[in-house]
Amino acid sequence: DERIPMEAAKRDAVAKEMQATVAELLELYHDAKQSHWNLRGPLYYQLHEVLQEYAETYLKYTDIMAERALQVGRPIDGRTGVIAATADLGGYPGGFLEDRQVLDLMSSRVDIVAKRVRERIERVGKIDETTSNLLQELSHDLDKQAWQLRVTQQ
Amino acid sequence: DERIPMEAAKRDAVAKEMQATVAELLELYHDAKQSHWNLRGPLYYQLHEVLQEYAETYLKYTDIMAERALQVGRPIDGRTGVIAATADLGGYPGGFLEDRQVLDLMSSRVDIVAKRVRERIERVGKIDETTSNLLQELSHDLDKQAWQLRVTQQ
Amino acid sequence: DERIPMEAAKRDAVAKEMQATVAELLELYHDAKQSHWNLRGPLYYQLHEVLQEYAETYLKYTDIMAERALQVGRPIDGRTGVIAATADLGGYPGGFLEDRQVLDLMSSRVDIVAKRVRERIERVGKIDETTSNLLQELSHDLDKQAWQLRVTQQ
Amino acid sequence: DERIPMEAAKRDAVAKEMQATVAELLELYHDAKQSHWNLRGPLYYQLHEVLQEYAETYLKYTDIMAERALQVGRPIDGRTGVIAATADLGGYPGGFLEDRQVLDLMSSRVDIVAKRVRERIERVGKIDETTSNLLQELSHDLDKQAWQLRVTQQ
Amino acid sequence: DERIPMEAAKRDAVAKEMQATVAELLELYHDAKQSHWNLRGPLYYQLHEVLQEYAETYLKYTDIMAERALQVGRPIDGRTGVIAATADLGGYPGGFLEDRQVLDLMSSRVDIVAKRVRERIERVGKIDETTSNLLQELSHDLDKQAWQLRVTQQ
Amino acid sequence: DERIPMEAAKRDAVAKEMQATVAELLELYHDAKQSHWNLRGPLYYQLHEVLQEYAETYLKYTDIMAERALQVGRPIDGRTGVIAATADLGGYPGGFLEDRQVLDLMSSRVDIVAKRVRERIERVGKIDETTSNLLQELSHDLDKQAWQLRVTQQ
Amino acid sequence: DERIPMEAAKRDAVAKEMQATVAELLELYHDAKQSHWNLRGPLYYQLHEVLQEYAETYLKYTDIMAERALQVGRPIDGRTGVIAATADLGGYPGGFLEDRQVLDLMSSRVDIVAKRVRERIERVGKIDETTSNLLQELSHDLDKQAWQLRVTQQ
Amino acid sequence: DERIPMEAAKRDAVAKEMQATVAELLELYHDAKQSHWNLRGPLYYQLHEVLQEYAETYLKYTDIMAERALQVGRPIDGRTGVIAATADLGGYPGGFLEDRQVLDLMSSRVDIVAKRVRERIERVGKIDETTSNLLQELSHDLDKQAWQLRVTQQ
Amino acid sequence: DERIPMEAAKRDAVAKEMQATVAELLELYHDAKQSHWNLRGPLYYQLHEVLQEYAETYLKYTDIMAERALQVGRPIDGRTGVIAATADLGGYPGGFLEDRQVLDLMSSRVDIVAKRVRERIERVGKIDETTSNLLQELSHDLDKQAWQLRVTQQ
Amino acid sequence: DERIPMEAAKRDAVAKEMQATVAELLELYHDAKQSHWNLRGPLYYQLHEVLQEYAETYLKYTDIMAERALQVGRPIDGRTGVIAATADLGGYPGGFLEDRQVLDLMSSRVDIVAKRVRERIERVGKIDETTSNLLQELSHDLDKQAWQLRVTQQ
Amino acid sequence: DERIPMEAAKRDAVAKEMQATVAELLELYHDAKQSHWNLRGPLYYQLHEVLQEYAETYLKYTDIMAERALQVGRPIDGRTGVIAATADLGGYPGGFLEDRQVLDLMSSRVDIVAKRVRERIERVGKIDETTSNLLQELSHDLDKQAWQLRVTQQ
Amino acid sequence: DERIPMEAAKRDAVAKEMQATVAELLELYHDAKQSHWNLRGPLYYQLHEVLQEYAETYLKYTDIMAERALQVGRPIDGRTGVIAATADLGGYPGGFLEDRQVLDLMSSRVDIVAKRVRERIERVGKIDETTSNLLQELSHDLDKQAWQLRVTQQ
């Protein structure tokens, strides 16, 4: 453990934030695919495609945040049961989904995660600029999704 | 529903097999990423990369099988809680994982799913050749993974 | 003719199914382009693009099925007059087309062809697995289109 | 209709030329594929490939000319029955085709269309330079095909 | 100046048309981006993307037309103040924009420019065929945009 | 061996068919390259290229079939001596080869293998759909080659 | 507006900085193209190309900054009149431009904007790390341009 | 010769212009490469690259114009002796070349050809719009080169 | 020097950190290539490839950090003698290297540099956010390498 | 035969060396694929991939050497029986292969061929530099493989 | 001239061989294009394409050999008049060319140049291995063309 | 060591030449980057880019030559201290560099290395053609750089 560049005292705090972020992003991934599949309505074609792109964005950051935990010497937990129990975004409906309903559900959930990521940037920024920088890039992408989902409903 | 090409009497049976396959593939995806991240040992570099490729294969077939359920007029359920509760592959360990341990875990789980897919091909082949053909392609890819994981341990 | 791998007794039956499939797919190609061009309404941009993709799918399978007839030693007939006379999908309207109208027309016609292809898989599967396999791949793509066109109207 | 850039008095004339060109190009497309499939003889490999390329050229210009009609405010008609009835290139033989026969048939038909396109350039050039420019590019490609088919027979 | 291929007497007339075209195209670029950003409503995703593509088309032709002025020995003026003062397309609204409103605004402005370009083809065609040919290609792309914006509102 | 997804009783039968197919495909590879190199005559350029493409097709399926044997728990034998002794396609001539002679030789040998593959699909289809599916794809490509070689001689 | 991740109190301040940055970057875009076109002198070829690359960099960041304003719930204003009135970089000369003159003009203007961006990073860093991070990336690219323009004159 | 789309009376005139253009473009190609190789001076790197690009442009149009002669039923003559005897651009110096000297030589020769091409557009435009269109595209590229070579010397 | 965007008082401090980082990264580059070449042992293939990728990462950041010094108005020193004298990472062994030995050596040296970069982020963050941001990206990549080298030895 | 550039007296000697090289390279190809398929052990993943790359290298040079024989007017013999009888590398084991065993087998066989190629360079260099140059490139690639296989066992 | 790596005494001899090679390759380029254009007969399509590829090969080596002369401190002469006067390959016929005639003409001329290049390798090999190596690569490509043209006539 | 293809008696001599070449090439790499960074003057843009390309060429051959030493059974030494002590090219100036100064410095150093490589080709050619061939390719690239740097100063 001498060869972990980050100071020992900071590792648990950073790893904890990474674990929470990974759980939320994997939950969003399942949400986005759930919507990509069960979608109905006149906006089907464009939302089907957009949701796939959003889903890929979640996986990209999941990998970055999970590996950041390992870099600071801690394991990450991405198992389905753990995600289901800890993502804390509320239930997502089963069955078919109307396009308007998906816009409302996804914009609400992305907004929640985006806000939590902003709080993490605040906390992590005091400990580790490198991790904060990674969260800032995620924050930017989530804010973009939140904007796009929001204005489509206006 | 008149515009669903598959005969109405066959739809539930096909959709049920798709739901089970999607649950197992999503579980395997989480397993493969869990291993990709928490891996340790001399085989790290090659297994880290191989597990990422296997994970992408699981997602590719998840999308194909999930959308097949929709094509036959049924919704699919890929929510984390549902996957955790229904994949029925046994628990996957948390924390760090040794390379040999990952080979054993993944080869066992891939083998289980590959065998179930073979049974599904049998059952579905009597109902719908088109769906069976999709399962055969998945079967081939799972058999390849099972082989590679198996001989690396020999 | 000794160098045609398929047994002589099976060739006419297979070629006949190929001829019928080619006629329907070329008719669908013209329908999709007719719609791609004369389309109007708020869904214009997304349907204009989707119809082009569907049209390219029809041509891809037309070539595969037509060449399958040649492979079993029979000519194929893809002339405009023959297609117009034999595709048997009913007339397609001339002039401008509303987006909703196109969704209804195309989903109806794709559904008809998808159902006929399913019957062909049944018949051909008893004669030649290789040809059946090609029809299964077409069947999968048509079922996907039928699904997408159907749920956009819901 | 106020937002159609072309002057109202010119639209019918331009659209009429586009309709005739689209009909001929779609007929040539079917001819080229008919030959691509049913071809026989020592020149098979090279003509099979060349005919596919020519066919793709016909579709490229079909799309350009059809959409030009829409741009000037008129619908286009690309339905199989309409093409069969109006392309006015004479019948194309069914069944197998010898390579020499295909060279003769295709060079004759391409020559006819190339000559009609030249007359259209003359007529349209007096009405609309932009449309004439599109026809000139088609004319160049048809003249190239006519040359290649002609000298291969010499 | 002896090494300017165009005859001296024609240069001012050509350069003047290029200057006017550049001003209008740069104004359309700002309009398209203004709409790409401030857009709202159910058509958001597809219009956001389409407006970016249109904006890139304006810049492509801006460069061609501006460099044509230089080729005939005259400078071009693309400064923001000059564009704002001379594009002569009327004001574009600030603040958020509804999707329907953007379709109306953009189709009106593209229509105006497309009509002016048609007049320029007429005038320039009498002086310089090479420049006229460039304007014809622009005319074709503007007519395509005008068509697409128009039918989406029908 | 518990982690071989295919049922133990089926493995030998499948592996035996794979071994025979691999031997024939490797033999065809050597035949195609032998012809690619020693070819003479007016069709040289086109056949030289076509034979290279066919050769690559043989290698693609060799790898798929060989690895299928491994997947079912059996080794494969692709050694030159074994291929020479077991491919059972008759001798191939040494020295220079006329273009017409190559067409005759290759079309005869491809036809033989294509027919044997059809029999294997029959036998294997009763045991393992997944392997049969792989053979069907090979069958399709061999039938295409047989057709092209056949009609070039007509 | 509840679904805007950034806290309400911070939005105006961030949006104001984004508006100023967008105005300056669009002005620099017009400057760079103005120089790309009207350039003269022995350094023509290399500067013509470099100015095009710089211009594309300005547009890339314009889009990022403009959309950041939208993400925080505010519209952006990129209209030509607004840019001309607010960019506040002083006038840019019309007519032909000597290469040395362009180096001087552009290095001066890039330097001004780069300094303003540095001040914005200071101010924004206290409010929103995510926006500051975007400005830092812009700052790095502007500093690189300032360096290259500066040393070319030494 | 009945299958040459262009009217018989126009062919000689068009072919004559094509022959002259081909001779000049091939001469320019040799000039550009001669300069690309024997160049010296501070502008070496940028001119070496630019001259290669110009050379490739000459070959691209050579092929288009030469094949246009064939399309109208006439042979073309691109033999070195014929080019040397008929290009009529005056001698090009042997031995090493200074960068400034190359700019002067090439801008003079490009200017001469560009002017001749303009005259050909005039003459050919009265006979064949399709050929004129090809010459207009060449004219545009030559005018661009003339501009770039001219301003680099200013 | 007025046209250096960074405030004069900050330049020396930033340039000093850049110089130290460049020296360490170039030393790591030589270390990685030294290992890439002289490597032995069962892990040869995977480490040979990984070390090449790490080496390329060092060069990528060397260029970014070196040019950052220039951007703030200071020269950089990357000469071999200077690197050898100032990188301060201790000697690297000559001759053949065992795979385990390379893992130990490289993980130790990457860890040292990664820790120094973390200290630099601290110091530079107080002076210049833009430079700190660049160091944070380097820090992330070094931490990733340190993790991978570390767990391969566990 | 007058149009064979190589002097008649040299042809047999060169062709003989080409024939021997082709036989050895084709044998190595079969060896590498035999190992790629039947491999077992912890190094499976990396060797499976490396052996495929080596196999492709053998085929690349097989084609070059075989066509060199043709270029000097002699046929080549690449038939399986001939390769099995003349490659003279000793037998290769059937059945499963341990990773260590494959490293030993392949490094021995590559070493034998690499040494023979070195002798051929000596002999051929006295006759034909062009052929020798081709053998030198093969020699370099074989020496690289021999090195990599050798050090992996150390 | 002190900074020309080749010894002064060798330069003239090497440059002389380069000049002769450049003259022949440029002549072959014109021959190949002359044939590409004026070709007739059943082999048109394949020879038209092959001649274009050969022509590009001549230009590739022309550039390498011409720049080799410059590298040894001598200018090169690639002017049309010089090529026409010095290539010494005999006249090439004007007007239309039959496919068989082109095969005979080109194979004769390629053979002549290939033989001269072999003699140059002999002479240059005694002076400069680096230049000889370049000629050997050209020799290989010419021998390949000579072979292909030769066997197509057999 | 029995599995090193090169004869034992030749290995030391070849490895010694490789070591010297690697040292010089790595030194040139540092020189080129030193110049790429600290450059000033009107030729900045083009030299900045050219020096990067030259630097990449040095690294490409460094890898080839270093691995050649390993192939003949000897380690290579590329450590910074060793390069600084043994490259023997004289000191390279620190601090800012004028463009003319860089041309002089680099052309002198490339000339020195190019001459040494020529001597190595002489010596190595008597021992090992394969290594000599690699040095000839390096020699060609260095001679090209020497030429380009030389004529830019003329």
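To keep things simple, chains are lettered A, B, C, D, E, F, G, H, I, J, K and L as they appear, and every chain counts its residues starting from 1.
To be clear about the criterion, contacts are C-beta pairs under 8 Å (C-beta built on N, C-alpha and C of every residue); 3 or more make two chains touch, one makes a residue touch a chain.
Quick caveat: nothing in here was measured; it's all calculated off a predicted structure.
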On the document's contact criterion, could you list the chains that touch subunit B and likewise touch subunit E? A, C
Homomeric contact subunit D-subunit F: same or different residue positions, threshold half: different
Would you mind pulling out the distance in Å between where the CA atoms of subunit J average out and where those of subunit L do? 31
Quick check: how many Å separate the C-alpha centres of subunit A and subunit H? 59
How many angstrom between the C-alpha centroids of subunit G and subunit B? 49
Among the residues of subunit F, which ones contact at least 2 other chains? 42, 46, 67, 70, 96, 133, 151
Those chain pairs meeting the touch criterion are A-B, A-C, A-E, A-G, A-I, B-C, B-F, B-I, B-J, C-D, C-E, C-F, D-E, D-F, D-H, D-K, E-G, E-H, F-J, F-K, G-H, G-I, G-L, H-K, H-L, I-J, I-L, J-K, J-L, K-L
Subunit G residues touching subunit H - in the complex, by the definition given at the top: 39-42, 44-46, 48, 96
Could you please specify the touching residues of subunit C with respect to subunit D in the complex? 26-27, 30-31, 33-34, 37-38, 62-63, 66-67, 69-70, 75-84, 87, 91-92, 94-96
Complex contacts: residues of subunit D adjacent to subunit H: 107-108, 111, 114-115, 117-118, 121, 125, 132-133, 136-137, 139-140, 142-144, 146-147, 149-151
Sort out for me which residues of subunit I touch subunit B in the complex. 42-43, 46-47, 50, 148, 151-152, 154
Tell me, which parts of subunit E touch subunit H in their complex? 2-7, 67-68, 70-72, 129-130, 133-134
